[in-house]
Amino acid sequence: MNDRGPARLEAFSDGVFAIAATLLTLEIGVDTTRGDLGGQLTHIWPAYLAYVTTFLIIGVIWINHHHCVSLMRRVDRTFLFINLLLLLTVAFMPFPTRLVAQYLQKSGEQDAVIAYAATMLLMACVYNVWWRYARTGRRLIGEDVPERTLSAVDRAFNPGVPSYAIVFAVAFVSPLASVVITLGIAVFYLPSAALFERGGEPA
Amino acid sequence: MNDRGPARLEAFSDGVFAIAATLLTLEIGVDTTRGDLGGQLTHIWPAYLAYVTTFLIIGVIWINHHHCVSLMRRVDRTFLFINLLLLLTVAFMPFPTRLVAQYLQKSGEQDAVIAYAATMLLMACVYNVWWRYARTGRRLIGEDVPERTLSAVDRAFNPGVPSYAIVFAVAFVSPLASVVITLGIAVFYLPSAALFERGGEPA
Amino acid sequence: MNDRGPARLEAFSDGVFAIAATLLTLEIGVDTTRGDLGGQLTHIWPAYLAYVTTFLIIGVIWINHHHCVSLMRRVDRTFLFINLLLLLTVAFMPFPTRLVAQYLQKSGEQDAVIAYAATMLLMACVYNVWWRYARTGRRLIGEDVPERTLSAVDRAFNPGVPSYAIVFAVAFVSPLASVVITLGIAVFYLPSAALFERGGEPA
Amino acid sequence: MNDRGPARLEAFSDGVFAIAATLLTLEIGVDTTRGDLGGQLTHIWPAYLAYVTTFLIIGVIWINHHHCVSLMRRVDRTFLFINLLLLLTVAFMPFPTRLVAQYLQKSGEQDAVIAYAATMLLMACVYNVWWRYARTGRRLIGEDVPERTLSAVDRAFNPGVPSYAIVFAVAFVSPLASVVITLGIAVFYLPSAALFERGGEPA
């Protein structure tokens, strides 16, 4: 009873990831009562920046979630709860993303980006707890998964919280820089297969 | 013809659960025509409270749904209909959640929280009918599922309706307390694996 | 290459069904600038009626879709296209549902309900074409499916277009009656397993 | 570790496709403060045109995605990243679709349709890179897939970028014609099974 396959966990999680990512586009808008649509479409670049950044962040979370769950042979009720907290922070992201889209380069941008960076930092913390719970003592890990594969995932998770802590700190100095660094984390994190693969396979 | 595997039932239900939970975030907003974003972000704490509460409630529903369906070996048309009614109440939740977010600590909070608690109570009633239909005479239950597992699920369902009835009654006295108790039900219900597992496994 | 299993067709269709049904709740709203929330919550009963009606209609479509696809052993490109048209009409439903919610019992209700009934009628026509294409000459049907099962599905589809034609006609006379009849179709259609099962199984 | 089955890639992609397509309907609206609903429902035909066009475009992308992924036996991290970029452009589509719905036949229509066509062109480019990456040297292709099947897919992809480049150019001359041609691409592309099947099967 206590043990369950992770299949339906993945289905529900994938649903939340896909919906949160796709809802982001609802936040992008123009003021139809004003003329000069072309000018407005250029002017709202913070909305595009916020959209692309959060979409890629959710994509990175999804890919890593996918990889980690593939190493587990079962999930328990506590893990379902932690996973729910992770989904809660991901599903929350459209709100601070909208704040960045609306306030960046305007009065209030610092509060908006602090809220955005705080959400990312919180997510990174929950995500770490999520992995540590599954990995400690190989609690939920399949027997056939080699230890070095787990170490590779550890190495991939390690920079997460410090990176987002820096992003959070930078938000107080330069809101725009904070968002751009977040985008950089997503863009450079993702294709650098080295992080995950190193140790997982013979070089 | 009459009997079907529960796989696609799960897929559709998971979709509704994931979407309803993720849509909640659309309800959180600030007034962009006002200044002082930082102050507003603190001021809208009822929106956060409502978001977290409903998200966790839907999460609990999902986990229990998942567990119960795993005990069934088939579903029939009547069960599909009851399941549809359950999904109808879950998909409705973003509306009263938005009411709580908008009205808590303001004039009208009592009506808002009564609507919220009434929705939760209705969901709990439908969810009980849902389980009773499947369980009575082991109508939809797999042969290999031991009776004590079903008894454990019964014990988990039993406090549902009374709890939400209390939440509903409290809404008339203290709207804020009613929402906080609802959050408490979700937070303490979920990790207490004891409810479900007791009886399901040797101690 | 031409033949494919219907699994991913189901996944995509289920996604559209679940999302369209769950989005309906976004259409329900109150005017937060007005007082008397309790009065407003009663006053917007057309929104609840429209929500429940469309939700159950989509639920009926989903259950029948589920049943029909389970009888197919393959899908082809033309069928994928017809299925896409079906999904297009289902995904469109939140718009006329919102019109009914906003205009019922107000000036403009007739146009709103005509738009609603026209959408339902269009859906019923496309759904019939969808089934006829799959069924004619058993084009997409599995070899092991008995003819009487197909006849039972035929009998279930037959009343669809006439029913919605009546609903459409009634919209010109009494908009409220038209919506209530639509709800009746959903409520009475669904649990009456007789329609589908008769002929599909020995009585 | 590096190789993974494409199953969960499909689940996540299908989720984004289904959600993006279904969200389009949220963009359709009428002005409830004005009377003459019947007149308004006719007047907003650009919204219907934009809705149907984008829905079918996403449908075509989904069907082709489905077909291409069925030819792959594995995916790698770089492919996941390219797939994420593809999903990013698809999930973005509701925004320019809304612009077309709001601005077509009004001042600003040219900017709106240029944004729409640019999004389609960008999607076509990313989609080509997506397929080229998988196909070059049969990097991700299953061993049992015959070369002529791949050639058939190549032929189907070849007209994509030029077609959308024409649509983009036409937007500067006649915005309405640009949208209608886009609809034509979707409508005529889809049922012409010839493109994909030719070469994939003996004639």
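Going in written order, the chains are labelled A, B, C and D, and every chain counts its residues from 1.
Throughout what follows, a residue touches a chain if its C-beta (ideal position, glycine included) is under 8 Å from a C-beta of that chain, and two chains touch if they have at least 3 such contacts.
Being a predicted model, the structure only gives us computed values, none of them experimental.
Identification of common neighbours of subunit A and subunit B yields an empty set.
Here the chain-to-chain distance from subunit A to subunit C, counted in touching steps, is 2.
In the contact between subunit B and subunit C, the residue numbers used by both copies make up under half of all numbers at that interface.
Distance from the centre of subunit D peaks at B, each centre being the average of the chain's Cα atoms. Rounded to a multiple of 5, the Cα-based rotation taking subunit A onto subunit D is 90 degrees. Spacing of subunit C relative to subunit D, judged by their CA centroids, is 26 angstrom. With centres defined as mean CA coordinates, subunit D is found 36 Å away from subunit B.
Subunit B has residues 11, 15, 19, 23, 26 in contact with two or more other chains.
If you draw each protein chain as a dot and join the dots that touch, you get one closed loop, with every dot joined to exactly two others.
Contact annotation for chain pairs lists A-B, A-D, B-C, C-D, with touch applied as defined.
Across the complex, subunit C meets subunit D through its residues 1-2, 4, 8, 11-12, 15-16, 19-20, 23, 26, 76-78, 80-81, 84, 87-88, 91-95, 98-99, 102-103, 107-108, 111-112, 115.
Residues of subunit D that touch subunit C in their complex: 10-11, 14-15, 17-19, 21-26, 28-30, 32, 35-38, 41, 51-52, 55-56, 59, 62-63, 66-67, 70, 149, 152, 190-191, 193, 196-197, 200-201.
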